[in-house]
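Pasting the structures in now, so scroll down.
Here come two complexes built around subunit A, the first alongside subunit B, the second alongside subunit C.
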Partner chain A sequence: MLSNPMFLAMTVLNGLSMAMVLFIIAAGLTLILGVLRIINFAHGAFFMLGGYVAWQVAEVWLDGVPGALWIGAVVSALVLGVLALVVERTMLKHLYGREEHYQLLFTFALVLLINDAVKVIWGTDILTISHPDSLRGAADLGVTFYPKYRLFLCAFGVVVAVGLWLLVEKTRWGRLTRAARMDREMLSALGVHVPTVYASVFVLGAGLAGMGGALAAADRSLFPGMDAEIIVQCFIIVIIGGLGSLWGAFLGAIMLGLLTSFGTIFFPQFELVLVYLLMIGILLVRPWGLLGREEAT
Partner chain B sequence: MRVLLLAIAALAGFAALPFLFGDYGIFLGAEILIFILFALAFNLMLGHGGLVSFGHAAYFAIAAYALAILLTTYNWPLGLAFPGAVLMSTVAAVIIGYFCVRLTAIYFAMLTLAFSQLVWAIAFKWSDVTGGDEGFVGVAIPDWLTQPVSFYYVTLVVVAICSAMLWVIVHSAFGHTLRATRENPQRAEFLGIPVRKVRLVTFILSGTFTGVAGALFTLLNRAVFVEFAWWTKSAEVLIMSILGGVGSFFGPALGAAALILLDRQITEITEYWPTVLGIILLIVLFFLPDGLIGLFKKRKPDA
Partner chain C sequence: MTNVMRFGAMIMGATIAGTASAQDSDPIKVGVLLPTTGGCATAGTRALEGHEAYVARLNENGGIDGRMVETLHRDSQCNPATATSAARDLVTKDGVDFLIGGVSSAEALAISEVARQTETVYMAGIPKTVQLTNEENIHPFVFRSADNTDSEGKSAAIIADRLGWDKVCTILLDYSYGHDLGTAFEEHLAELRPEAEIVTQVWPAANADDYGSFITELLSSDCQGVFSGIWSGRFPGFAKQAGAFGFFDRFEYVSAGVLGSTKFLENMGDEMPMGIWTNAVEVFYYPETEEHQEYLSAIEAQIGDTPDGFHATGYIAMQFIDEAIRAAGSTDSQAVSDALKGLTIQTYLGPLTMRAGSQQADRGTFWGKIGESDIEGYDVPIMTEIEYISADGLID
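Take a look at the complex of A and B:
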């Protein structure tokens, strides 16, 4: 089958476009895990909520307006950012000193609340967002035709990765987050208000999830409960790449995307098993992930 | 002494239940008993060992599936199939635990999650054996167990014995050693305690008792579904434990009973049970750090 270039290209592109959507979500998750050390189960719910907000904007309020999806994606990111800020300031910040399982339970409570909120507001029907006019149809790549929107997703994922990398490596804010990861007490002693750093990371992560949800909604469909599957995939990515590692998440997303697209063709029975085996294997050999940093335990 | 009296009172209460309620009440009572055992077994790791397992659904589901398969596909008698099914969970806990105890904190939780998702993926995809998405329905239960009352009393006896065993474990020298490894693993190591080995033994014990609960659950439902292995089941037992209070032996039992009763009561009134549960969790997190059992306890300085 692989000798057919058209088929090979399609499979690779399917894997990559899936990977890039997952990367945008997982990037937020890995930032939060790396800096706040919180296993955020609500991240999938943030993603789902982002999709629904974008649907509301693009398909209801701005139906027929050119570029409605892009506006929806920006609105989603903003709404989720504000929501995350409120959640962090009113509740999450009081849990920083507590054991992991309390934080885990807190994010799980958010999952329950957001899922019900989505059901109340948008119902349980499956919703879809149509592609923007400029990205409708397929592009001719020489070997094959491929949906333009998915090609856009591939490119956009790379843009987000580079943008986040610049933010984390080249700005003062990025330096603060890296410092907060390594030694929060020392950072605090140097006069930096660490809770503000935490809040900003949580807001950025949620905003990314919201935007990812908006962009994914135009490629797949929206339904309550869709968060449970996506969160597990994002955890796999973050673990493979290393907690807190941006390029790790990028690499992990590509591995998961390609493993899924090729796995469904060659081992349709065991593609899921393969994914979990990969994750277990990496955790055992390099618990800190492919590109993560080893930590004293 | 007070604990013993309370335990006897609780046992008497459960024993009287079939005389007070109809078949539905008996079914619910059996379900509560099973989840009490699940939560107590889980809390051996969380509360007493400080080990956050996010994959206990695995041991629950393995024994549940194993019992269904041994009884139905292989026609084993219950007396053999039940211990056999629990043994499968034990074996799984030995293998998974062996790898997991090398890691700590977030990494430990993640690896337990990964393994349990692997179990889920296998149960989901291996449909010839497990029934896959459709579930394993029509488990061949021995006739005498199909009576709700007889099944209820079997469950009560099994859960009571297992709970007593867990109580003895928690209050044995091993239990104290376990708490030492939770409080300060480094110091425990310096004192010559083999921390990893203690954690592995805990992991295996916890997985085994969880398996007992899983096998009982198969007998109750006469079916096994792939959701038993999905990660939300692991979250459920975590919720039960924290809701009741992880710092006390009986806290998780109270949490299990409370969660199931609330679930049934509130779903009758509204379909938004998750919202209610979410709010309950927030209240417990912010106002009842010791869980529901904290309401009944005088605060001890060193609990």
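Take a look at the complex of A and C:
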């Protein structure tokens, strides 16, 4: 089947478009993990909530309005950002430096709360958001035709990756987050208000999850409990790539996406296992992940 | 010693007398286990409304032989463990006489086990798995008013044969419903059309959400048509992805999983691919018979709206119980079980018979082609060229 270029191109693009959605979500997760040292189980729930908020905007309030999905994605990012700010300022901040199981319990409680809230507000029916009019149908790429919306997702993932890299590497805010990651006390001693840095990272991470949820919802479907699969995939990506590493998450997402798309076709019986085998293989060789840094002990 | 025995006999006598008098005036209790939360809540909620519509009409007309029917509903949450404990509570604590319900096949098998242990008649209105009433699992108290995967898969093969498919692809979900459906489809297609060949089969996971790789694999195949078991809960996501690939222009598509359901089509609206073949339990616009009108008015009195196919599942399950009690002249489990075997009832579909051997109703489904609506004031896709494909010759 690999000798058929059309088929090969489609399979690669399937993997990449899946990877880029996962990357947008995993980037937020790895950012929070790297700076705040919080394992945020609720990140998948933020993604799901983002999808539902976008549905509310695009399919209910602005149904039929051109660009409704884009507005929905921005609103999702904002809503999730505000929600994250409230959660961080009122609850999560009390858990910094506490034992990890408190953080796990807290974020897991958020998962349950958000799932129940989604069921109460939107019910249990499966919902979907239409592809935006401008990206309906398929584009002819010469070697194959491919859905325009998925091509957009591929491109957008790269834009987000470069944008985040510039933000973290080239701005004052980025320098502060990197400093907070290395030595929180020192940064505080230098007169920087560390809680603000922490809150901003959590808000950005949740906003990315919300936007990822909105963009994914336009290609997939929405249902309570959809967060469970995505959070596992994102954790795998973050672990493969290295905790806290942006490009690690990018690489991890691409590996997971391609492995899934090729695995589904060539090893349909073992496709789910392949991803875990990949993770085990990488951790055996590099326990700190592909682009992660070895922790000083 | 004799005093103790006499005392015992007195208590027994009193109990028997008590039960006897209770039977004359007390309501008949029906335990309904349908999920109103969880992944199958939509189906469960509508089936419950259908059940209530039947019971409301029944009680208005004086109940069954003068006794009212009381429904005790428990939310089974689409979860077999919850269904088991709720079913057991209904029988032992609440003393229900009958059990109805289950949406998922796992729930049905769980409830059936309680029915076997407590010797309570159980009527499955929605679950389709053939395992419920196969040789291994059948017992005197389990009955099914729903169609099963055999009649659903085989009737799809009839459509595929009529469309003249010689090279066939399948996309079925990788769990018992998908596998049972696929087996039935393949078997019957081989009988009807020996020259037909299954060229590509793909099996997305039951909870799959990204069908890209499977769609790609089918697109690279040279089949004429695709038989699918992607049911209504999973179809919206699939349709959007497949549609973007031009999938529905390339292939003829025959889908089990009741995509012709009216509420489903209302929700899908413009997103519904036109020209695909699918099935439905009931649609309000067909057939135009008196029995069907009567059914529609009973549901409308209850919910103030036209029904969805799932309403019919709850309605017919209770109708079987009702008519079996009348035929048996009692609510005794064994008597009702005996009465159910071979019982024929009149429904909106025409007569429906509970087969004596398999304890499975000879229910088929409506098949049709999705097209534009020609019903005034109803501007959503409907089923056209509708036909009821009976289960005769497709089950047992």
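One rule holds in what follows: the second predicted complex is superposed on the first by the 296 of 297 C-alpha atoms of A that agree within 3 Å, B and C clash if a C-alpha of one lies under 4 Å from a C-alpha of the other, contacts with A are read in each partner's own complex, and residues count from 1 in each chain.
Following the convention adopted for this analysis, contacts are C-beta pairs under 8 Å (C-beta built on N, C-alpha and C of every residue); 3 or more make two chains touch, one makes a residue touch a chain.
Remember, it's a predicted structure, so these values are computed and weren't measured experimentally.
**Student:** Between subunit B (first) and subunit C (second), which does A:Tyr96 come into contact with in this model arrangement: first, second, both, or neither?
**Tutor:** Neither: A:Tyr96 stays clear of subunit B and subunit C.
**Student:** Does subunit B (first) or subunit C (second) touch A:Leu284, or do both, or does neither?
**Tutor:** The answer is first: A:Leu284 touches subunit B but not subunit C.
**Student:** Examine A:Leu110 and indicate which partner it touches, taking first as subunit B and second as subunit C; both and neither are also allowed.
**Tutor:** So A:Leu110 only meets subunit B here.
**Student:** One more residue to check, A:Asn14. First (subunit B), second (subunit C), both or neither?
**Tutor:** Second partner only, subunit C.
**Student:** So which positions on subunit A get touched by both subunit B and subunit C?
**Tutor:** In subunit A, positions 119, 272 sit in both the subunit B and subunit C interfaces.
**Student:** Contact residues on subunit C for subunit A in the complex?
**Tutor:** It comes out as residues 37-39, 41-42, 202-203, 205, 207, 209-210, 212-214, 216-217, 219-220, 233-234, 236-237, 240-241, 244-246, 267, 270-271.
**Student:** Provide the residue numbers of subunit A that touch subunit C in the complex, in ascending order.
**Tutor:** For this pair, the touching residues of subunit A are 1, 4, 6-7, 10-11, 14, 17-18, 119, 123-128, 130-131, 136-138, 145-150, 219-221, 223-226, 229, 260-261, 264-265, 268, 272.
**Student:** With touch defined as at the start, can you tell me which subunit A residues reach subunit B in the complex?
**Tutor:** Subunit A residues touching subunit B: 33, 37, 39, 41, 91, 94-95, 99-102, 104-106, 108-113, 115-117, 119-120, 228, 232, 235-236, 239, 243, 269-270, 272-273, 275-277, 279-280, 283-284, 287-288, 297.
**Student:** For the complex, which residues does subunit B have touching subunit A?
**Tutor:** 46, 50, 52, 54, 99, 102-107, 109-111, 113-115, 117-118, 121-122, 124-126, 230-232, 235, 238-239, 242, 246, 272, 274-275, 277-279, 281-282, 285-286
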